[in-house]
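To keep things simple, chains are lettered A, B and C as they appear, and every chain counts its residues starting from 1.
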Amino acid sequence: MKQTIYLMAIREALDEELQRDDKVFILGEDVQQGTFGTTTGLVDKFGPERIMDTPLAETAVAGAAIGAAQAGFRPVADMMFGDFMYIAGDEIMLKAAKWRFLHGGKVNVPVVIMAAVGGGMKLGAEHSMIPEAMIMHTPGLKLAVPSTPYDAKGLLKTAIRDDNPVVFFYHKGLLGLPGEIPEDEYLIPFGQADVKREGSDVTVVATSAMVQQSLAVAEQIKDKVSVEIVDPRTLEPFDLDTIIESVKKTGRVVIVDEDTKRCGITAEIGMQIMENGFDYLDAPIQRVAAANMPIAAGFMEEHVLPQPKNIAGAIEAVMA
Amino acid sequence: MKLKNDDLIFMYKTMVRTRKLDEITIKGLQEGKVLAFYHSSQGSEALAVGAASFLRPDDYLWAHHRGHGIGYILAKGGSGRDFLAEHYGKATGSCLGVSGFHFADPENGALGAAGTIGSVFPMSLGWGLAAKKHGRQQVTIACFGDGGSNRGTLHEAFNLSSVWKLPIVWICDNNGMAQYTPITDAYAKDDIADLATGYDIPAVVVDGMDIIAVHEAVQAAVEKARAGEGPSMIEAKTKRFREHSIGSPDVVHNQPRTDEEIAEMKKLDPIITFKAKLLEQGVLTKADVEKINNDAEAEMAEMDQFCVDSQIPDPSILNTLVYAE
Amino acid sequence: MELTQDQLIKLYTLMVRTRKCDELIVNALKSGKAIGFFHSGQGSEAVPIGACTFNLRDDDYLYPHHRGHGIGYMLARGLSPKPFVASHMGRVAQDVEGPTARERGIHGGSGTIGASFVLSAGMGITAKKNGKNQITACFFGDGSANRGTLHEAMNLASVWKLPIVWVCENNLYAQYMPLKDSMAREDIADLASGYNMPGVIVDGQDVLAVHEAVKAAVDRARAGEGPSLVECKTYRYRGHSEGGPDISHYEPRPAKELEEWKKRDPIKLFRENLLQQGVLTDADVERIDKEIEAEAETLEKYADECPIPKPEDPSVLDRLLYAE
């Protein structure tokens, strides 16, 4: 194993896949420099033909990637901020997601749409979203939401090799997160949740940065409550089995997510647990998610996005 | 490429087949065989067939949505039967009967057709990018209407196709009407081709009712694209003989188009004018014309029967289509 | 109309104030006082000041360019810089005198580049429907000129003959992307002919040239003759965003380029012009500098004293979401 950080793990995954398959290329606004460091330096090794800086034109970036994917390549489009995916809604939601199905399975769309997501940087309503629900809601798209350097690398490599459109969200608050990864190449299959912490009193289901936040809370309250933390790692495909197994043991569930609460993934996951694991529950499921409003900037951000105290409060409530 | 007599006859035949397939699709809609909707291409056959004839099979083609692309599909060697079966919602359709009215034929470079107007631009940009990266001198033919030209996606894709010198031929089927809105109320100039200047893309305006004029303009652009000289734009002025969508009102804003107006347009019918020209030049005889007509009608009757006889898709296929394994 | 001596001095003073406010936030970010992003507008002061100060009526609509987070536009419109400074420090402005942004037709700035075009088209429709000869001035950069929203909005503005003045602040870079690799042509003004509207190119470092070009476009719009496009050639002195790298693609921007442009600094050029004409004396220049220096110090102190939004009162957020 070797030490790395989250953003380096992402860069390494891109580097290895660019090396392995000459059909892989990256395009997006300022990817040669890399706005968040995830693509920095790759242009020195692979040249500007494969690390393509584009103008500020989100529909063209997404469309060019999706079209080239149909025509035999494996492009990775970096949308910079996850919020900007809304600009390319037709291309991502209607073309990438639907076109295999719509055309009778004749044409695959092996594209990766990646974007920096999430709050913590106080950047306000149009630069802080983690639009998981929008993607998970859309059949035809897959969604990876890594919470550690190890997951980020393994999931991104799998995403690039997948024959389907995969949305890969890297969290801005995790970019510097340290962690260990194997020296040798590895892949992480989609649809396999990971138990990030074992426990016996309560199951916390969390994604992306909320995994790290939940781990910190669990450590703080370990003398009072034994918390098990399950990270689905991909929301489509979604590994319900691992969650149900955990619920059988604990009987109590808290779902933590940074996206908006209303119609958010906490609602979907909660309902799936209800439908498939009701008999194992000893208490109503608790949810922690962003308030039903745009993400406020500056000092007000913390009043919209979930905070450790909300997670601790929900655990306390579900244990009561 | 200099057109030989056989080529001219192929083009004429393909126009006739396009018209007949259009007619049978309309009939199918009226009889309840066609399940979704149909946007007739009558009046723009010269553009479709002139543009898509004699391309390479591996050239990418984004057909214009009028006629749901049939003229382009037939000219490029695609199957009319797959097209019709798809409209009948049958398992033998080009998209296994799940799309309603779309077409995909990857072996012939048709990678799909959109339900949203203007998505042609970024998606064809991607096909053009792939064509350039493949390095096999493929071109991408990307067709849109005057309606589509209003979409912002045009700007992004025209600009990038020029900056990246992609082998794309942008073709505008300007029939003057976007559903019920006339282009005069949707664009401030007479020629949509004038937009191309801003992107350093060479553009020409051609008579879209003249198949030879269309073909020559498109071929010139295709040759440039194959030679690595970047994109071109062709604006073809065409006519839309029918209403926007079969069964919808035939109006300009909310005022009906008049019979006189339509009759005036039909004097320019590209099939009739091309037929007259070929007869005059002795490329075709009256007997040839009759045979072509009869053959096309027989082909359509056979297709119709085939589609009627085909099975409705098994719903179990749906789950297999969402994701590739 | 010829500008009076007082008006010339006002243009100069506003440019200096714009630069000073910009520097204030740049420094406050360095010292950790300011929070979030700042995209400096240093080098392009002549565009907002030249375009807006004497060409717009109080009731005209204005969509500011995002550089400098609109400070030049606000000052040109007679707004107090207090909210600008306080908000960048994460604080709630107090005791703000003078008109609000809304009262001067500024209805917000977008987090997504290129939203300006379509929103301005909406303000243009309003201006036309109001029937009071109002106009809408929309400012955008060379980066947003790549967005498809430009096409949709410019086309409609032209078809509907909307009273809109499109002003491009072309500073040659969109974040790290040089214009030469993002646009097919050198001049963004070349797009205008496709929409049947005038497209003029002007020296964006020359505040009077900007004033004149925008004036002609504003007059045309007010007279009901439809939109125009004015492209101002200018330069961005600093990196895209404070704290970020200052690069072209992934290599440092050429130092020579910055040096050359700084020779044509808009404030310096205009100062020399006014000194030469005798509109200003060296003593005037010194006095103006001192006054603005003092204003900046006061503003900084003022911001320090403004309250942080009360964490115990996040109910303010609920009140923002929907109108009652």
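The rule we apply is simple: a contact is a pair of C-beta atoms (placed from the backbone, for glycine too) under 8 Å apart; a residue touches a chain by one contact, two chains touch by 3 or more.
The structure presented is a predicted model; accordingly, all values stated were derived computationally and were not measured.
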| item | value |
| --- | --- |
| Two chains sharing the most C-beta contacts | A-B |
| Chain with minimal offset from the mean of all protein Cα atoms | A |
| Taking each chain's C-alpha mean as its centre, the one farthest from chain C | B |
| Chain centre separation in whole Å, for chain C relative to chain A (CA means) | 37 |
| Rounded Å distance, chain B centre to chain C centre (Cα mean) | 46 |
| Chain A and chain B, separation of their C-alpha mean positions in angstrom | 40 |
| Touching two or more other chains - residues of chain C | 146-148, 181-183 |
| Residues within chain A bordering two or more other chains | 54-55, 57, 59-60 |
| Multi-chain contact sites of chain B, meaning residues that touch two or more partners | 152-153, 156, 159, 163 |
| In the complex, chain B residues that touch chain C | 150-156, 158-159, 162-163, 185-189, 194-201 |
| Interface residues, chain C side, partner chain B - complex | 146-152, 155, 158-159, 181-185, 190-197 |
| Interface residues, chain C side, partner chain A - complex | 35-37, 87, 90, 110-114, 143-144, 146-148, 174-177, 181-183, 245, 247, 249-250, 308-309, 311, 314, 316-318, 320-321 |
| List of chain A residues in touch with chain C within their complex | 29-30, 32-35, 40, 43, 48, 53-60, 83-84, 87, 121-127, 291-294, 296-300, 302-304 |
| Touch list for chain B against partner chain A, complex | 60, 93-99, 102, 104-106, 111-112, 114-116, 118-119, 121-131, 133-134, 152-153, 156-157, 159-160, 163, 318, 320-325 |
